[in-house]
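We call the chains A, B and C, going by the order they appear; numbering starts again at 1 in every chain.
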Amino acid sequence: MSRITDLQKNLFGGTTSNARQFGMISTLVAIVLLFQIWTDGLTLTSGNLIAVASQYSYILILAIGMLMVIVAGHIDLSVGSVAAFTGIVVAKAMQEYSLPWPLGILLGLLVGAAIGAWQGFWVAYIGIPAFIVTLAGMLLFRGGNQYIGNADTVPVPEGFRKIGAGFLPEVGPDTGYNNLTLLLGAAACAGMVWREWKARQTRREMKADVAPLWVMGVRLAVMLGVIIFATLRFAGGRIGTSLPISGIILIVLVLAYSYYTRNTIGGRHIYAVGGNARAAELSGVKLKRVNFFVMMNMSVLAALAGMIFVARSAASGPQDGLSWELDAIAAVFIGGAAVSGGLGTVSGSIVGGLVMALLNNGLQLEGVGSDLVQMIKGLVLLLAVAFDVYNKSQGRFSILGALMRPFRRDDDPSTPKTPPSPASDTDKAKVAG
Amino acid sequence: MRSLVIRSIAAVGAAALLTLGTACSNEREGSTASTDGKGFGKDALIGVALPAKTSENWVLAGDLFTNGLKEAGFKGDVQYAGASTTVADQQAQISSMVTKGAKVIVIGATDASQLSTQVSQAKEAGATVIAYDRLITNTKDVDYYIAYDNFKVGQLQGQALVDGMKAKKPKGPWTIELFSGSPDDNNSKVFFDGAMEVLKPLIDKGDIVVGSKQTDIKQTATQGWKAENAQQRMDSLLTSAYGGKKTLDGVLSPNDTLARAILTSVKGAGKPVPVVTGQDSEVESVKSIMAGQQYSTINKDTRKLVAETINMVKSLQKGDKPTINDTKSYDNGSKVVPSYLLPPVIVTKKNAAEAYANDPKLSPLTK
Amino acid sequence: MTATAPTLLEMGSITKTFPGVTALADVSLVVREGEIHAICGENGAGKSTLMKVLSGVHPYGSYTGDIVYRGEQVRFHDIRASEQAGIVIIHQELALVPGMSITENLFLGNEPRRRGSIDWKTAQRRALELMEQVGLREDPDTLIKDIGVGKQQLVEIAKAFAKDVKLLILDEPTAALNEDDSQHLLDLLRGFRERGITSIIISHKLNEIEAIADTITILRDGRTIESLDVQADGVNEDRIVRGMVGRALDSRFPDRTPDIGEVFFEVRDWTVRHPTSDERLVCKGSTFHVRRGEIVGFAGLMGAGRTELAMSLFGRSYGTWLSGRIFKDGEEIQLKTVADAIGHGLAYVSEDRKSIGLNLLDDIKTSMVAAKLSKIARRSVIDPVRENRIAEEYRQSLRIKTPGVDEGVVKLSGGNQQKVVLAKWMFTDPDLLILDEPTRGIDVGAKFEIYGIIQRLVAQGKGVVVISSELPELIGLCDRIYTVFEGTITGDVARDDADPELLMKQMTATKKSPTP
């Protein structure tokens, strides 16, 4: 069985706690395949993927910020209202004071930062629970949206709409695909290979067990396959469409924030504060600064998400951002974050968000009513977290292991000469205590 | 063992690539806008995107579309927006319909000005877009608009209010309150303007007094067409402007749901029932009219509107130009949308039996 | 009590496995009626697991083997079933609600009712009876959070009486208690024995066990090693230790020749106010110093203000600073935040490892570098290779028992967790290391190793402050001991003069002895 465990250990990240991630990714793949078959192949058409990317990019952007808030042990209920408030301020500024749209975006980010500073101040420096501060913010900024917009819809100029409804231009020779998207895909492939090689080098420097070459090959092949497939899909849509601009913004944010949370001191501090605030404080972490930062960062991302939605809708309206906070929070928890803080990853939250998005999309393609869709989404959230809780109570659990169990009996006698694997079993050997 | 694993993985990989390859057929093609004069298949997919199920009428319309499209031989895809995430839901639903290759998309908009991206998307994919009941604004990609003549609705409501009050109390001045619909619904203003065309001269003369002096549409608006919002506003009006023995003779209400909410509020305050207008012929309101509570409603027979919409789809299928009777009134900010308007009918207790004679659900109530 | 007393409980051939780990292998335990039965063993030997099997926390069916209680085969499916049979377990972490009164806690989940509502009169009366039985004199309406740990422990025991206990199991009952409270508790257990109540006690404090137990069962690595009759076998501490670790420990403290240098750290007139109460001073004009290469002990009863002193020095992490100055290498330094303190070479290892010393969600390597991330980062980007290498170095030099530094700290035993915390602070390369109860809840073998680590640190010229409630530990380890009583330093005793009696006198009296 050593190869199976090798594969399982190294396919997705190669460290502990990847059972959860593996579970999420399998769920995502299962949902995609299910709907791909059910909708007669509509799910993975270019048009649909492009639509899904632009429809859910703003929720996923919120999920990034929400992940950091939840990891730090807080919650933010105000994101939808902050998004709506920013949207109306920017739309009004552009309509009534004819602010050029690039400045409009800047204004939106500043509004988000100001709101974030306000909320961060109450949470970090006065010590009011984020639940209360952002519940207040939810009312405050929803009301603010209606006060400024008179509950009216305010259209935004063409240039601004690009960030929500725009695509990459068509340049270069006619290849039958959107060339810029192809270039991005190629860059992503190169990046992936480089990263894999780098990670291998790092593990070798650490003198940790390096995955067998064939495992790395499989892993790389799977990932490159996914990237190439996605690239061709996004590049192969109707002329004039490509990977949406909002999708590119999302990808950049995901990469940047994954890096920040995993590899920097600031990121470590967020996990430390969420895991045990007092211990973090006694280790020299500036608690207030971390709390202030995560709350502020969330509002800035909410402002960005709000602008993207307004751009996509071509107008800012009074119903913008309704119950977005719930979608974002659900994505984060489906993605494996802990309610009590300290645990969770950006990539997990994105996968969680995609599970929700594709579920939604698939059910809509099937013509399932929004009432049922909501019920199904609710159940999925509950089951995902229940699965997690169950796993924890049962000790480590591996899906792949469970899947492969039926084959074990056939496998073992047929390969009597396989030496006992040093990797899997000694790992689980008794640890004192 | 090793080679076996490698071989099996290679096999799986090859299979995966094969499926990818076949799945990767390119969808790249130019815009196939303007299907006019070409028509499409008789069993084509027709998408219908409706707002959340907040009023009986939308539920009825949905059922009628589902059955009507089926009878006409089309594949219908009727969707409602979710109750709390209306705009985003509807945007996603329209995108899905485009993906599925709908030839005509009928949209009853939740927020008329936030759908332009999806409408253009539909247009580019070659679908014809019909705005149903509510005009979609800020886009030149709407093809047709079909609705009851809403200005006329407003006029009828205003007139009914005046008639009703005269019947109860022959001599003025009469005290009234004004309510209008959701500010994000294009029709709200049209109803209100229609009614005010009748009421304004009387207010100016002093025959009619607005107790709270709230006559601006921003003050009278009811966010989201929600009954609770109307009830709340009526509660506060009664407290602020109708203390003591002051009574209220009439209330202009833009639809039945709000009319009932207003009546609930007035009754709760222990005031005599005023003349209240309505619209939509909802079951509860028809009962209320027969019981002498609500004064009037408007019969905009959803059956007729849906039937006309399906007729429009049929002509488009054949490649004909659909029937239009108004080409100048409905400017959505980007263009004047060719419209087909149906005439509304005012219904009071007197003519209810006659007006609903053909309605299987409502006619028993009038007997 | 004689060895011929009838058997109350017999657990035979108990085997319990967790995924990948065998926690108990063929363990047997025989408890006679009316005795005090001690279970000894290092952490991870299986003591707690055995008690969980007995009390139904691990239900029947999840283990193999037989439990015969009062002559009958029993199968407990949950803790309720065992409690009904009169077996009550009191855990190390007390299960009391801090915001409720003593009475409310006593009858939580077991409230006397009359016509559907709680009968507070009866509850009050019975509470007083129960409190009398355990010698607790308090107003039954006092909130749990307002009484000390020792009294809370008594409330727990009284709660057991409310459930009509036949067999009382105490898991580390004196771990958090000071000498006085411990003594009181042990006396109480003797009283119970006279009244025919059987007790099982799990403890690391071997002197207590020697003093109180009738029979001792020793577990090692999930197996029963031996069962000793204290009187008949003439058992003493060394004998128990031999059983627990499988060999005799020659000495409980590693050998060391002190090499003490100049005074480098000095605190003068340190006065700190309680964080919430304006009148209470937790430190009153404390003045002390530490030399390079010196291990300085702080002795005092629970609540004497030792931890408060240490934490207030460490970046003012506790209370409100009123006055006092800190000098390091002759210069005055300001330590207003924890970051300042770390920057000036201070390190504080908390007494409460689990709740404020470690982030239990972290893995070993993350924990080790957490207090000085800048050392493994370049432009605030963490270098995973360096992190891993450093963690490996500490794992080897501190002999931390773990399959790898990627493991979660939560999986480690107490002793190994403590080593991780030590590594975390050694990594900050401090000049002065303050260790608050560094060996609490740690087994004998690990204690020895931790003493060794402390000695190695001072040999490098660092200063170490050890706060401990165990006088033998301070006397065995320290070069000099300060005694603390109610926020005041009452004595400064050199190693050669230190004996428990003298220290205890100074720990309980305000009379200030002359300081050199």
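Rule of thumb we're sticking to: a contact is a pair of C-beta atoms (placed from the backbone, for glycine too) under 8 Å apart; a residue touches a chain by one contact, two chains touch by 3 or more.
Note that the structure is predicted; figures quoted are calculated from it, not measured.
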item	value
Closest chain to global C-alpha mean, per-chain Cα centroids	A
Between the pairs A-B and A-C, the one where more C-beta pairs touch	A-B
Whole-Å separation of chain centres (CA-atom averages), chain B against chain C	70
Distance from chain B to chain A - Cα centre to Cα centre, in angstrom	36
Mean-CA-position distance for chain C and chain A (Å)	43
Multi-chain contact residues (two or more partners), chain C	none
Residues within chain B bordering two or more other chains	none
Residue ranges of chain C in contact with chain A within the complex	18-22, 43-44, 314-315, 317, 337-339, 341-342, 348, 350, 355-363, 366, 370-374, 377, 380-382, 384-385, 388-389, 392, 401-404, 406-408, 411-416, 424
Residue numbers on chain B that touch chain A, as the complex places them	1-2, 5-6, 9, 13, 16-17, 20, 23-24, 26-31, 52-53, 77-89, 91-93, 95-96, 98-100, 110-117, 121, 124-125, 138-139, 183-184, 218, 221, 223-224, 333
Touching residues on chain A, where the partner in the complex is chain B	3, 41-42, 44-48, 51, 55, 146, 150-153, 155, 161, 164-165, 176-177, 214, 218, 221, 225, 228-229, 232-233, 236-240, 309, 312-315, 317-320, 322-323, 360-361, 364-365, 367, 369-371, 373-374, 415, 418
Contact footprint of chain C on chain A as seen in their complex	15-16, 202, 205-208, 263-266, 268-269, 271-272, 275-276, 278-286, 338, 342-343, 394-396, 425-433
